[in-house]
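Common to both upcoming complexes is chain A, partnered first by chain B, then by chain C.
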Partner chain A sequence: MNHKPVGTGPRGPYIRPMTGWWKRDPFFVRYMARELTAFAVLAYAVVLLVGVVRLSQGEAAWNGWLMALRSPWSLLLHIVLLVSFAVHAKSWFEIMPKTMPILVVGGQRVAEATITRVGWAATLLASAALFALAWWGQS
Partner chain B sequence: MKRSNAPIFWLLFGAGGMLAALLGTMLVFITGLAVPLGITLRPELMSYPRMLAFAQNPIAKLFLLAVIALFAWHAVHRILCSLHDIGIHKGLLAKSICYGGALVISLVAGTHLLMLG
Partner chain C sequence: MAETTRSIEIEVLRYRPEQEDAPVWQRYTVPFTDDMSVLQGLQQIKDDQDGSLSFRWSCRMAICGSCGMMVDGKPKLSCQTFLRDLLPGPVRIEALAHFPIERDLIVSVDKFVDKLEAIKPYLIPKEPRTLAQGEYLQTPAQLQQYEQFSSCINCMLCYAACPQYGLDDKFVGPGVLALLHRYNADSRDGGREQRMEVVNANEGVWSCTAVGYCSVVCPKHVDPAHAVNQNKVNSAKDYFLRFVAPKGGG
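This part shows the complex of A and B:
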């Protein structure tokens, strides 16, 4: 099919510009902010990767990495990372019921809100368990 | 018909996203704030002998590799999808940079964890 679209002028059809589309609506702004947390996840993977590489290079290299973690820039970065990961955890379980197959328990469809809350509870439990392990590991 | 390779990237994206949602926030708090500042946890938790012993444990090695590699695969998959939103075509170049980056991160993490013995 190669017909002329309705409303086509002499200079071709009007195409709505898409630049900066996400600034048009607060919903889109929130979407883009959420997408930015992917960079936080990548940045933290790189921070840990550098740690593993420095660990394999010996004690002096490892202590250098620990010193770098104590610098104000690193602390600031990790505060941003902490907030980003929390946003990721929040939205991950908000989106999960929309992407997973419908869950039926006892003939009733499990509500989206229930799945989200179970996910958040799992995060709290896993975080508590991880902190407990770290606490136990330091003694 | 050529089989799609999309499910592999989706699986890595999903696993990384779940791991990040469950443990990421606390991991960042422990390694990036609590231990460096010595609040709630002692800095000795991440001393060289302790971390070396930790990374020499096969289960801990697997955990470290899973966190680093899956976080990387999850992140690059999302960044690749976001490129489309800002008008960059998800072509071969973009895919190579994103997935290639995650592959390099995974390989470097894996080899160095093995080198630790």
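This part shows the complex of A and C:
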């Protein structure tokens, strides 16, 4: 590595390599795990997209896709994806307070944990509503 | 029992550009008492064992921001880190990560200082006032919007915690962006538009991937990750709102 700039004096700042940086600190390892969960989101989007394509190809294709979803491998994949989604959601709700201006209610600063909990509450409500709607739509 | 003297091994990453091409570890045995910081351990080495060891320090009380270094792989102020907490050792001390090593524990700060200047870290008054008009008034709530971000001591520990800065030193980085926000969030300031150019650039807030370690290592609880990430929202607003309200359109 050529780290010594051309110069006359003894100066020659040394630049340390970044190879394997994410293994350097457990904090970075957890960060990389969080980033990896984004691929789970991508994978599930692909699964759903395939469903839409199969739907456009007629009833037989659609039923084939539904059957494929019931296979043990598919169930295993869905469990992995669900866990990844939970980690993904958790990490983003933890960051949410950092994306907002400082909130002051009644002269008191709203704690980061409160903002995170509000996020979770909204998610649970929305999920319950969607689940109820799907349930009601089926019957 | 602060007087009880024990000893601890301290390994320092040495780099003397006239002497070696790459840094090397050097081990010292340092006598210490319970009240001694890592900085005092280094001073013991320099005073009594090896005068060639180079490091920066000034205030010894976590306010000047000079003595940041990697202590056992974590960015720390060495004056605020105690040897008694690092037993049994050996303690490994290295120059702040992600910065070029100038000599031993001293890093080059040129790029950091350039960035600091570029964000105009001073109040640009919204409207000039004469002395007769009195001071610029501010409510406690307005103060609260920027106060924590004004606690930065430029120690650069957050840069040593930021892998994005380590991978690309063109990134403005957590500390300077937090200071930028300190002025933008000040109700007396009118320089927001000039500073948003720094925020919106590729090297601005969008180079941050929300690792969040900067806020963990900050010795002054500035929470740079908060400043950077809320400015992603501001930057996005800046981008989209120009279609709604073009500049000069009132």
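Convention: the second predicted complex is superposed on the first by the 126 of 139 C-alpha atoms of A that agree within 3 Å, B and C clash if a C-alpha of one lies under 4 Å from a C-alpha of the other, contacts with A are read in each partner's own complex, and residues count from 1 in each chain.
Just so it is clear, a residue touches a chain if its C-beta (ideal position, glycine included) is under 8 Å from a C-beta of that chain, and two chains touch if they have at least 3 such contacts.
Computed from a predicted structure; not experimentally measured.
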Which superposed partner A:A86 touches (first chain B, second chain C, both, neither): first
Which of chain B and chain C A:P10 touches, first, second, both or neither: second
Which partner reaches more residues of chain A (counting touched residues only), chain B or chain C: B
Touched partner set for A:L48, first chain B, second chain C, both or neither: first
Touching partner for A:M18 - first (chain B), second (chain C), both, neither: both
Which of chain B and chain C A:H78 touches, first, second, both or neither: first
Chain B versus chain C as contact partner of A:Q138, first or second or both or neither: first
Overlap of the chain B and chain C footprints on chain A, listed as residue numbers: 18, 22, 35
Touching residues (chain side chain A, partner chain B) in the complex: 18-19, 22, 32, 35, 38-39, 41-42, 44-49, 51-53, 55-56, 59, 62-63, 66, 69-70, 74-75, 77-79, 81-82, 85-86, 88-89, 92-93, 119, 122-123, 126-127, 130-131, 134-135, 137-138
Touching residues on chain C, where the partner in the complex is chain A: 15, 17-18, 21-23, 73-74, 97-98, 100-102, 108, 140-141, 144-145, 163, 166-167, 185, 209-213, 215-216, 223, 225-226, 229-230, 232-233
Sites on chain B touched by chain A in the complex: 16-18, 20-37, 41-46, 48, 50-52, 54-55, 64, 67-69, 71-72, 74-76, 78-79, 82, 85, 87, 105, 108-109, 112-113, 115-116
In the complex, chain A residues that touch chain C: 3-4, 10-16, 18, 21-22, 24-25, 27-28, 31, 35, 95, 97-102, 104, 107, 109
